[in-house]
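Each of the next two complexes has subunit A plus one more chain, namely subunit B in the first and subunit C in the second.
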Partner chain A sequence: MSSVSTFVKPVSPQHQATGVQGRRKTFEKLIQAFLFVCAGISVATTVCIVVVLLVESVQFFFEVSIVEFLTGTKWTPLLKPQHFGILPLLCGTMLVAVGSAVVSIPVGLGTAIYLSEYAPPRLREVIKPVVEVLAGIPSVVYGYFAVVTISPMIRTVFPSAGPFNAASACIVVGIMTLPMIISLSEDALRAVPRSLRQGAYALGATKYDVTTQVVVPAAMSGIVASFLLAISRAVGETMAVTLAAGATPKATLNPLESIQTMTAYIIQISQGDTPAGTLEHRTIFAVGLTLFIVTLMINLLAQWFLSQVREKYE
Partner chain B sequence: MSAKTIDIPDSTSVKPEPLTGDQVMDVGDQTIEIDDPTFTQAPVVDRPNTVGASENTVTRIRTRDLSVFYGEVQALKNISLSVPQHRVTALIGPSGCGKSTFLRCLNRMNDMVDGVRIAGNVWLDDQDVYDTGTDVVELRKRVGMVFQKSNPFPKSIFDNVAYGPRLSGIRNRSELHQIVEHSLKRSALWNEVKERLSDSALQLSGGQQQRLCIARALATDPEILLMDEPASALDPASTARIENLIFELRDRYTIVIVTHNMQQAARVSDRTAFFYEGRMIEDGPTKQLFTTPAEKQTEDYITGRFG
Partner chain C sequence: MNSATNVGGRRGKRMISLLFSAGCLMATMLCLMMLLVLLWSVISEGAAWLNWDFLNNFLSRHPEKAGIKSALAGSLWLTAFTALFSLPLGIGAAVYLEEYAANSWWRKMIQLNISNLAGVPSIVYGILGLGLFVQTFALGRSVISGALTLSLVVLPIIILTTQEALRGVPDSIRHASYALGATRWQTVYCQVLPASLPGIMTGVILALSRAVGEAAPLVAVGALTWVTFVPSSPMDQFTSLPIQIFNWSARPRPEFHQIAGAAIMVLLLVLISMNTIAVFVRYKYGKRIRW
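Let's turn to the complex of A and B:
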């Protein structure tokens, strides 16, 4: 580098050139170091969290067998006799995840198809920002909305439902995850080349034919990825389900009953009544680790589907 | 080269009129209607004394004063052109001259463009293409299209070709297979893909993909085939195959091909129309247009002075 510069500017004093260059090089190195630290922070945080989760969980599993944890059907760590079976919490989480998907997948995909294929451009300009507003509503507001609005509506239709029930949590989490499905699916649908649509139209296909037989299948991996990310979000959702679904760990598939999800349980323990360092407190790390593994798996699967999309059109 | 012509009455002096009767043949200023339903082949009318016209044939598509506006921009200006049956009609001209826009008017693919407005008339036989009662889906089954860039669906080779027949409600597997085989043979692709019909169409080479798209268009059994620069993205060998194919297909189909390659137009077409800046400068038998063009602009273009 310096030799090139010397050749180009043979008249400039040597010491001055190296001075400027030296400063430039130091600056470049500083910037690089700063950016490395920035990138390192997220990596270090991830590593720390995983380590803490693992260490605390391992201590927990010294006292509670992993078989009991994974297969037990009772979760009563705060009551005597203590039971540490995670299935009720896992069941609660899955009930909310699946229930919310029942709401969000049809509505979200329908909206995405409408926006991408059917909506006139002006209407799309209106709908898209509204969907983004939906994404910006704090989850505690959704939780409140579930308790004061949705739950009473459910109880009008199904009088047997309790004031806290899984169904209201499902509906509200479904609404919360809608923007994710809509925007990711719409991106996937729009990524389908126009030439494919034209090819189908030229063969005498109707808009419905083109959408259902060409565009949606071509975008399928992106659409599935959006479903998975929405489900992952529903699994990790905390505030709304804590408020709406109640705090009754129960291995039930009845959405009208009160349940407890893994996240809601972690909130319950973290609120401070349970002293740190006790077995009861350590349960949240074991539950947290389980939650982490579940969402990680779903996210990895979603990433794999997204990579399929990229392969197809590049 | 057997030159043939459709004598078009001067568009300024004659009112637009739809073609009537089953088959219509223009001979000079007269219109002869042929009622014989078995009449399918172009008749040869011997008129040795007419310059550039030794053969006449049935007109399948006719446009009259066709104009297209994209918003405020007028992309096509009063195009009046007739397309003869079982002939290859080439549309040539520099980029942006409106030749593709014209082509897309013939199967109403322009309908999907936002802000498009179309004035004038297009008739397919005696059917007004832009009449409100026209079934666009049926029209596009009769008027197939092949695009500039091959656009196979991300499905199997079989499913690509079977797409059109399936739209028409054909579900019978053996019938579909027959159509697929027939179409692939006609597009000269069968021997290359017959062992792997269930493979993804995206695994084919560019030239094979384009022939697959031609097979896909043929599978709906169209009468007219529109080709929008079908070989422009292909290497010379694949281009030659497509051109040979076009030559063979003209026995059964009426073909309109857009090309910016004048040699290609000269090689494959019977008639050529030269477009420039949204206008049709002239049209006529290909040989005549390339050897003795009537207009100065045509001559400048074909001799490579611009474009």
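Let's turn to the complex of A and C:
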């Protein structure tokens, strides 16, 4: 850290001349160079992601026009006649993202408010680790849960639903993203200064008034950021959605139907035997690029909201 | 306003307040319930199939003969190599950002870049791995390609948690070390790193457990689902535990769902033991240091 650097005594030229000091200085330089490279790898990773996605996508767009890709309503790259309109995949992704938010936002925010405002400290100590366990369960396990438990449940309630349906994907992805909403929102709620709450109580407000009209509005930017990060996670979620929602690219808003998301399509092609270098195989880079751009935009927006929180109370 | 409506209003308000807190409590209980239902659905399906043969058999078309030996071995290879690549790089990057880099636009850019990388979906890393390691570097669909890809997935997690741990070490420790004539690296290596080790370890174990459970980038890199051998070198093809679970869950026969349940029990046991170690490290070594 730069604040520390003022405390380092500069090595004087006479010391440099002696062997031990000189070798030590070279060693320090080497270490610093190594650490610099380590940090540089993160930048290189981003550059590589962009380059790899762009190079293959550009080749894809030589053969398929961008306009057709972005506005076409049919996605049948593996069937004749081929259509390369990404809207059905985008629609499937959005359906899962919105559907999972319908599950995770009320439950997550309710839990966060309970943990921050109502729960006795001992209960909090029990619930926090449970939420962490939910966060630690791999995505493929949620996929299994959707196939084995949630989907049959949905089919008993709605007999018209197929064995693969968007609703089961929405529910499990909602459960997956809960921990993110709970922990980030709870942090935001707890960061609201006590004095604000006490001021409201002094004016005769009930706990409900204090929570909904003082604490939640004060923590709003953090809460919105947690929603956005959860939605971005749902957009990029792969294994659970692939297992639960099926492989039927379709522009529908009916959650009981089988759909396909962008991520599930990438898995479908990766598992098949489409040879690399063909137009069909390049579709995964074009779809990957779209996915990368969508999640990047949501993440940047979320980070902007988070920076608002920091400015307020720090 | 007369007093009667005032009282009624107050009672109504109290009612709303009560309902709201009950709603929040219900949401919390719902979280607990979901976890219990999930665990139950895994155990009720899988428990009967979990035995020594299941751990020691290779894959089979017949669920009663199928086992996870190759998947367990693959997961072990992957995790070991992922740790080998990601630990030095991740901790090194964090040390650079916290202890070396001046507070310039360069540092801010790297920092913003790392937070963004943490939000990139893992499947995108899979596509990167496919384009970079499998095709460009011609490493093939090997353990090494998979491990390199997983390293990129977990690097942001390791960097961010290590930074957090380094920030927890007070500056007075660094100043004291400099005052005694230590160089910057001596200060980092002999003072700062040991003091922040519990935090770093916790983050590392967390990141590796993420790698153990990750399947999407490996499928994109081209991990196989039908492997009936234990990889003997980093260039061999591989499968892993989450990939087997994916494969079995996707099949229609209920017996395969049951062995998927058994495989999930093994996976969760591995993850739980890793997390227990993390908690233990944090508790045991974290307590000793009191600034």
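One rule holds for everything that comes next: the second predicted complex is superposed on the first by the 291 of 314 C-alpha atoms of A that agree within 3 Å, B and C clash if a C-alpha of one lies under 4 Å from a C-alpha of the other, contacts with A are read in each partner's own complex, and residues count from 1 in each chain.
Keep this in mind: contacts are C-beta pairs under 8 Å (C-beta built on N, C-alpha and C of every residue); 3 or more make two chains touch, one makes a residue touch a chain.
Quantities reported herein were computed from a predicted structural model and do not represent experimental measurements.
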- Query: For the three-chain model obtained by superposing on subunit A, do subunit B and subunit C clash or fit?
  - Reply: fit
- Message: I want to verify one number. Taking the Cα centroids, what angle sits at subunit A between subunit B and subunit C, in steps of 10 degrees?
- Response: 100
- State whether A:Gly272 touches subunit B only (first), subunit C only (second), both chains, or neither. neither
- Task: Go through the superposed model and pick first if A:Thr111 touches only subunit B, second if only subunit C, both, or neither.
- Result: second
- Message: In the overlaid three-chain picture, which partner chain does A:Gln32 touch, first (subunit B) or second (subunit C), both, or neither?
- Response: second
- Residue contacts on subunit A - larger count, subunit B or subunit C: C
- Of the partners subunit B and subunit C, which touch A:Thr206 in the superposed model: first, second, both, neither? both
- Task: Give one of first, second, both or neither to describe whether A:Leu229 is in contact with subunit B, with subunit C, with both, or with none.
- Result: second
- Thinking of the overlay built on chain A, is A:Pro193 touched by subunit B (first), by subunit C (second), by both, or by neither? first
- Query: For the superposed model, what is the least distance in angstrom between any CA atom of subunit B and any CA atom of subunit C?
  - Reply: 8
- Task: List the residues of subunit A that touch subunit B in one complex and subunit C in the other.
- Result: 206, 209
- Message: With touch defined as at the start, can you tell me which subunit B residues reach subunit A in the complex?
- Response: 107, 109, 112, 114, 137-141, 144-145, 147, 149, 151-155, 163-164, 167-168, 202, 213, 216-217, 220
- Sites on subunit A touched by subunit C in the complex: 1-5, 7-9, 24, 27-28, 31-32, 34-43, 45-46, 48-49, 52-53, 55-56, 106-111, 113-115, 117-119, 127, 130-131, 133-134, 136-145, 147-149, 175, 178, 182, 206-209, 211-212, 229, 232-233, 235-239, 242-243, 263, 266-267, 270-271, 276, 284-285, 288, 291-292, 295-296, 299-300, 302-303
- Query: Can you list the residues on subunit A that touch subunit B in the complex?
  - Reply: 121, 193, 195-196, 198-206, 209, 213-214, 217-218, 312
- Listed in rising order, the residues of subunit C that touch subunit A in the complex are 13-14, 16-17, 20-21, 23-28, 30-32, 34-35, 37-38, 41-42, 45, 88-93, 95-103, 109-110, 112-117, 119-128, 130-132, 135, 152, 155-156, 159, 171, 174-175, 178-179, 181, 183-185, 209, 212-216, 219-220, 222, 225, 242, 245-246, 249-250, 257, 260-261, 264, 267-268, 271, 275
